[in-house]
């Protein structure tokens, strides 16, 4: 089967507050790819993800969606890209004035210009998919952290994204709520969703990921399959880093 | 237009300067009296026994619920028409203004003080009493100093309002900044220029008051009661 | 005792028609303030630096100059200048009610700009990001996500603003608007009974404050977001 590149970043450079936070990052996601972004705090993972969605406009480099370069300056291309590239935030960022169902349907109506009914129907399907059939009419303030994150995943999925970017989707959750979100992510993986996820959940993502991408100080320093990088006899930065996390969290790497 | 500068320097500014002194003589005492009234009535509304509490509530409701201009009109025009036997209250315009401003301002301060008091956890008062303080000592020394810090930015705002609303004194014949300005404008037929300068006087007063109040607030600041960042 | 109330009863129709002018003035000014305040607050937060500067200047001026002085400045000054510009002549610059509504509207507009701006800044910043991530334009995101929440949270402050403008409207008599205070003064001057008339005017303002604040409180309850702890 021929591999088809969905989203590709070439040599992305990004300055924030006078610092060069990304110093030439290239990464490509083929259809069905699951890549996991790891690296120390401040290494630029969130910044990279937000550049891929053009929430940050890079100062240098290029972005290709379905092999076509995206013009950052063109607003409509920018909105198009954001629709096709879904984003899950660490702190959920649900719209506080809208119920779970409305959170999912609002962008269908306002961005995709769907009718009220059609959007509501789709929202129900997506919420069912993440196991929230009975919480559709609750407001964000009435939901637990895990439920909020699942709504935010449903919200992104409703837009039929070609890629999903996840920025530490479980870091803001209490330990007992993490698994309900991981289950949803695992289902997405099973169904072939293309994903790039920043996370500290090493063992979970090692079982899922096709590739680990290790970032340090604004560049990608290592990448490869988790098996290679974490192998018994490997001497990778990734392995050291994972060992450190494992020590901290008591997780088996 | 060519005589704009001479007009401003020779007529407007000297006139407004004398008005400025009058305004300040109204604002400063009203601000202090208002604050005292506000602290007392605010405290009554939280801690005083039922009748005093209710009377304080009513005072605040009445003075916040009606326009200051109506209140001033009452003190200056209506009250002298009222007598109980031979007894009749007639106050000079300046006294009316200070009484009116203080009572109105006090009602607004009261609201902030009350809010500040209610935001202090009840444990503070209990702890004070547990040390053997009587309730009044505990309120005065433990609760009020904390509440006042919480209420300060509200009270600052109220003082800024007072500065602006002191212009109402001009409608009861007082020659404050606004009163002087009106006189100059009428005589010279140069409304825009005159009233713009009048406006600048108030902007300057308000800005100055803001600086002073901010300094005071900073001075009183203790950890845990920092000014909220806007 | 009946004698005491007589001046009020005799003047009642005259006073009531003044009451309607007061009500119209307040509604008009609050509406104008809303029309100014909503876009200005969004522009103050998200707009071009130059626009932000300009709005800052506007807010500073109208919050620092007394309403009374603004009435004089606009009605006797600025508006009579504008009235002489021919292509603006369709606007009733010489009309006292128009001038009063304009001054009060621009004043409360400045305060409302501050109120909405505060509410926008109090929202969790991630929501705008999330809306953008879904492909909404900034305008859409502000309109559908930010403002509906900011306006809700502004209701208590807006209600306070209503009661301030209601009270400020009593100053409009200085430029000759025949509202409640103006009528109170003229009846008092004719009858020499300022006491009962002043008290009566005070009572009406009190009731208007009460009704407005209660109404807005009910609105606040009605549009409250479920489970949301913020008032």
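Points to keep in mind about this one:
Chains here go by letter, A, B and C, matching the order in which they are written, and residues are numbered from 1 within each.
By our rule, contacts are C-beta pairs under 8 Å (C-beta built on N, C-alpha and C of every residue); 3 or more make two chains touch, one makes a residue touch a chain.
Since we're looking at a predicted model, the values are computed, not measured.
If each chain is drawn as a node and touching chains are joined, the picture is a simple open line.
When the C-beta pairs in contact are tallied for A-C and for B-C, the bigger tally goes to B-C. Comparing per-chain C-alpha centres with the mean over every protein C-alpha atom, the closest match is chain C. One simple way to say how far apart two chains are is to compare their mean CA positions; for subunit A and subunit B this gives 55 Å. Here the CA centre of subunit A is 46 Å from the CA centre of subunit C. For the pair subunit B and subunit C, the distance between mean C-alpha positions equals 22 Å. Those residues of subunit C whose C-beta lies close enough to touch subunit A in the complex are 123-124, 126-127, 129-137, 140, 144-145, 148-149, 152, 225-229. Listed in rising order, the residues of subunit B touching subunit C in the complex are 61-62, 64-71, 73-74, 77-79, 81-82, 164-168, 170-171, 178, 181-182, 185, 191-192, 195-196, 198-199, 202-203, 206-207, 230. Interface residues of subunit A, counted against subunit C in their complex, comprise 53, 55, 75, 79-80, 82-83, 86-87, 89, 91-97, 106-107, 110-111, 138-142, 152, 155-156, 159. The part of subunit C that touches subunit B in the complex is made up of residues 60-61, 63-70, 72-73, 76-78, 80-81, 118, 163, 166-171, 174, 181, 184-185, 188, 192-195, 197-199, 201-202, 205-206, 209-210.
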